[in-house]
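Dropping a structure here in C-alpha cells format, bear with me for questions.
For clarity, chains are labelled A, B, C and D in written order, and residue numbers in each chain start from 1.
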Amino acid sequence: MAAVQPKKKISLALRQDGQPDSLVHITPEVCFGGEKLVLIGGPCAVENLQQIIETAQAVVQAGAVMLRGGAWKPRTSPYDFQGLKEEGLELLVQAREATGLPIVTEVLDPRDVDKVAQVADMLQIGSRSVQNFPLLREVGSTQKPVLLKRGMMTTVDEWLAAAEYILAAGNKNVVLCERGIRTFDTTLRNTLDVGAVAVLKHKTHLPVIVDPSHAAGDFRYVTALAKAAVAAGADGLLVETHCHPSDALSDAGQSLTPQQFSELTAGCRAVATAVGRTL
Amino acid sequence: MAAVQPKKKISLALRQDGQPDSLVHITPEVCFGGEKLVLIGGPCAVENLQQIIETAQAVVQAGAVMLRGGAWKPRTSPYDFQGLKEEGLELLVQAREATGLPIVTEVLDPRDVDKVAQVADMLQIGSRSVQNFPLLREVGSTQKPVLLKRGMMTTVDEWLAAAEYILAAGNKNVVLCERGIRTFDTTLRNTLDVGAVAVLKHKTHLPVIVDPSHAAGDFRYVTALAKAAVAAGADGLLVETHCHPSDALSDAGQSLTPQQFSELTAGCRAVATAVGRTL
Amino acid sequence: MAAVQPKKKISLALRQDGQPDSLVHITPEVCFGGEKLVLIGGPCAVENLQQIIETAQAVVQAGAVMLRGGAWKPRTSPYDFQGLKEEGLELLVQAREATGLPIVTEVLDPRDVDKVAQVADMLQIGSRSVQNFPLLREVGSTQKPVLLKRGMMTTVDEWLAAAEYILAAGNKNVVLCERGIRTFDTTLRNTLDVGAVAVLKHKTHLPVIVDPSHAAGDFRYVTALAKAAVAAGADGLLVETHCHPSDALSDAGQSLTPQQFSELTAGCRAVATAVGRTL
Amino acid sequence: MAAVQPKKKISLALRQDGQPDSLVHITPEVCFGGEKLVLIGGPCAVENLQQIIETAQAVVQAGAVMLRGGAWKPRTSPYDFQGLKEEGLELLVQAREATGLPIVTEVLDPRDVDKVAQVADMLQIGSRSVQNFPLLREVGSTQKPVLLKRGMMTTVDEWLAAAEYILAAGNKNVVLCERGIRTFDTTLRNTLDVGAVAVLKHKTHLPVIVDPSHAAGDFRYVTALAKAAVAAGADGLLVETHCHPSDALSDAGQSLTPQQFSELTAGCRAVATAVGRTL
C-alpha cells in the first residue's frame, strides 16, 4: 500500500498573527505590496510590433509601471485567435526594451513555463487555470513572480489554496488578482468582488491587485471599478489598454484608449491618496 | 373578453438622453442625488428608547444626516424578533425630535403604508420586497420618498422595473440602494456589486446609494466596502450602527460602534473628495 | 423596554424521527403526499372563458386532477398583463363547474386572501412572495391548502422557514413546489433543482411537487424535466398548458398544447410506476 | 504581422439537422449513445490493490460495465492525497484483468496523456480542466475516448466549445458528463442540472452521461439523482462506489457501498425501461 501524506492545513498563504504585508519585487523600482500601487497597462493580446510598442509607450506615459500582453491566449472557442505564442514573447521583449517596462504575460501550459520564465518578468496564471495544479506546481518551481488570477467560480479559500500550491513548491513571489466572478447577473461581464479584496487584506500577507477590465467587459465602467478597487485596499491594477481598441483582436469592448487610461490613472491616483497610498 | 393593456417599455426609471440626475429631497437640508452624499446611520432594529436615542445622537455626531431603524423586521424565521412595530415608530419619532435627523424605516405590508407614511420621512422597501408589486403600488400612491433596496437575486433591469412600478403609480421620489447580491461565494454574507452602481449611474437618473453593512455581514469589512461604493459613484451610504453592537437583537455582527462609524465617515469623506463629491 | 420573543427553532416544517409523510387533502379524490401523484394542468393566466374552459377540458382528459390558472399575475414590468383579477376568479369557478377540477390560483396581496380563499380550493404563493411574511401569515390564518413555491434565490432552509410561518399561524396544509432556481447558466430560464426534491423528502413531512414549466421556460424541455422530477420523488407536477400556446398572454414559450400534455402524462406515468407510485 | 485564423463557429459538437446520436465505442460490448445505458462504478481514487479489486468485483456484480478510479487526483489543497499516479494506473490494469471491466481514469497534465492513454480505455477530463485548452488539444490528438466533465461554472455553450477543441483536434470520441454546477444553494455539494441533459440531447449528437455522486456529495441522495438523470435522458451514469466508504481517502461521504450501488442499479433499470432504454 502506498504511503499517504499527513493532513496539513493551508498556512503559507495565510497571514500569521502580526505578519506584515509581503513585498513582491519585480525590478528595483516596481514592487507589489508596498505603499505605492502598481499600475499595469497593456493590450489583451500582443498582435504585432507596432501595436505593442505604441500601446506600451502610451501606458508608460500615462503612469503605468508594468506592461501586460498575452502571447498565449485561452479562448472559449478553438477557432478564436489563440495568440502569437513565441513570436508574441519576442515582441514583448522589444516593447520592454523600447520603454523599460517589465512585462507580465500568461502561461497556459506547464510545458511552456521554462520558455516564458526566461523572458517575462512575471508569469500570469489566468482565471481558467487557477486550479490547474500541474501548472501551479510548475510555476512554483521557478522563482519568477506569479500573478494568480481568481477563477470565475473560485471561492476566496480555494484561491488561497491555489496560491499555497505555488508557495509550497518553493516560490514565495505570489500576487493575487481579483477579476470578477460569475453570478446570475449578466449586466456586466462579471461581478467585481471588492469585498474579496477587503477580506484578503486581512486573511493573507500576499499582495492583492484588481483587473477591472475583465470584470466590466465594457470600457465605460472600467474606471469606476478601478477607483472602487483602490478604495477597497487593492495594491495595484491590471488594465487592458489598446492604442486602437476597435481594431483589437480580442476584448475590444473593454479596452481603454491611451486617453481613457490617462484619465483612469488620474482618478485612481486621487483615490489612492485618499486612502493613504500613492500611485 | 377582458381588455389587455398595450405593451409599454420601462421608461420612467431610465435616463433619457441628456437627462440630469434626479434629486430626491427629504428635508430642506437632506437631498439625494446632488453633489453632497447622504450618510444614513442607525440600528438594524429599533429596540428601546435609550438604544435609539443614544445611537441617533452618536451618528449625528459622526456626520450622519439621516437615521435608519427598523420597526417591522422581515426575518427568515417566524420565531426571530419581528420588530416593535407601532411602538418602534413612536421611538423613531422621539429620536428624530431629539436629534433633528429625518428617519427612514421599512414597510413590509401594504396595509401599513399609510400608517408608516404619516410618520417616517422616507419609506424603505427591503430586499425581499423588491418584487412585492402590491406594496410597490401602495408606496407609489403616496408622495413619500422611497428607498428601494435591490433583492439578493435581482438583476439591474428587474430592479429598474420594480422602480417603474412606483414611478408609474405617481411617486417620483425613488432612491435605489445596492446591498449585495447572493452568489456562490459565502466568504461574506453577500457580494457587494459596485459594478451595478456604475451601471446605474449611466442607466438611470435616480439616486443610487449603497448599504455596505448587509453586503459585508461583518463589521470589519464595512468601511472598505463603503469607501469602494463612494469611489464607484454612490450618492450615499446606509450604515448599520449600534451604540452597543454586542447587545443588538439582530445583525449584531455587522453593526459599527459609534467610534467605527466616525472612522468610516472620515475615510469616506476623503474618498468623496477624491471623486469630486462632498460628505 | 419591549418584550422579546424567546428563540425557537424551525420545527413544524421538519420531519421528526419516524414521522410519516403528511397528506394534504384538496377534495375527497385529490390528495398530496400519498402514493398517487397529483397532476395539475392549466394556463399561466386566465384570459377568457373559452380559453379556461377549453384548456380545463383538455387537461382533465389528459389525466390532470386539478386546474391552475392565474387571476392576479406578478409581472416584472408594470406594463405587462397583470391578470383579470376578480373576473379571473369567476372564470375559474366556471371552469371548475364545467370539469369538476378543483382550482389553485395565486394570491399576491394579503388584502386579497379572504376573497381568493372563498373561491379557490388551494392558494398559491408565488416565487416572488416566498418571503412575503405578512402574506404567509395571512394564508396561515386560513385553513385553505397552500402551494408554496420556492423563490428563485431561496435556499432549502429558508424555504422551510417560510413554510414554518404558515404552519405556525395554524394552517397545516402546506405543499412545497420546486420551480427552478436562478444560477449563472441561462441556457434555460431557471435551473431545476431535483436535488432539492430529494433532500426535502428526507427533511420534511410536507408534500413536494415540481413545476417543470417555469424551470424550463421552453416547451421542448418540460417533459424531460417532469420525468426527472417524478424519478427524484416528487409528489406531483404543476404544468402550464394552453389550448393555443401561441396566443397566450404570458409564458407562451413554455406552455404545452393539450397533445403535448397528454404525452407528458403518459411519460410521467411510466416513470411513476418505475419508482413505485401511480399517476 | 502574424496571420490570424478566420472566424469559425462551433459546429462539430452540434447536432446538424437530422444527425443521429453518435456512438462512442469503448469495447465491443460497451458503447455510449445507444439504447443501452452505460453504468460506470468505482472509487474516487485508487488506493491499493485490495480496494480496487474488491470494489471492481462488487460493481461488476451489481451491473456496472466499466470501472472508474482516479490515479491522479486534482485536490483543492496541495496537502491532500494526490493519488497514486503511475502505481494507481497499474492497479487499475490489474482490476481490469480481474474483472474484464474497461477503465476510465482522469488525466490532469498534458505531459501525462500518452502514458495514461497507453493504459486506460477512456480518458477523463475533470471539472477543473474543462477549459484547460492545452490538455484538451492533447487528448484530442489521441483516438482514445474522452469523458469530458462539465466545470462547476461552465455554461452549456462553453462546454460544447470545450468539446469542439477535442473534436477539432481529430478525436471524435467525446462523451459529456454533467456533474452538478455551483450555485448559491449549498444544501448539497452542487446542484445537478438535469435540464442541461435535456438541452444537450437536442443540441449535440454526443453522448451525455451524469455523475450523481459529485453533485450530491452525500450518499443518501445519489440514487434519487441517478434516477432523475436517467428519466431526463442521460446515456449513462458515473457513480462513486467503495467497498468500505468510511475508509475512503477522498469523497467518503458520497461513495455508495456495493449494496447501495446494487439498489441504485435496480432503481435506475426500472426508470430506464420507463423511458424506453435498457441498463
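Simple rule for what comes next: a contact is a pair of C-beta atoms (placed from the backbone, for glycine too) under 8 Å apart; a residue touches a chain by one contact, two chains touch by 3 or more.
Just so you know, these numbers come straight off a predicted model, no measurement behind them.
> Consider the two chain pairs B-D and B-C; indicate the one with the greater count of contacting C-beta pairs.
B-C
> Sharing over half of the contact pairs with A-B by residue number is what counts; pick that pair out of A-D, C-D or A-C.
Comparing each option in A-D, C-D or A-C with A-B, the repeat is C-D.
> I'd like the Å distance between the centres of chain B and chain D, where a centre is the mean of that chain's Cα atoms.
Distance between chain centres: 48 Å.
> Could you grab the centroid distance between chain C and chain D? Build each centroid from C-alpha atoms only and quote it in angstrom.
35
> Centre to centre, by mean C-alpha position, how many angstrom separate chain B and chain C?
Inter-chain centre distance comes to 33 Å.
> Hey, what residues on chain C touch two or more of the other chains?
153, 182-184, 186
> Would you tell me which residues of chain A are touching chain D in their complex?
Going by the criterion above, the answer is residues 1-2, 4-10, 47-48, 74-82, 84, 87, 108-111, 128-129, 131-134, 152-153, 158, 161, 164-165, 168-169, 182, 249.
> Contact residues on chain A for chain C in the complex?
Result: residues 182-184, 186 of chain A touch chain C.
> In the complex, go through chain C and note every residue touching chain D.
153, 155-157, 180-188, 191-199, 201-202, 215-216, 220-221, 224-225, 227-233, 267, 270-271, 273-275
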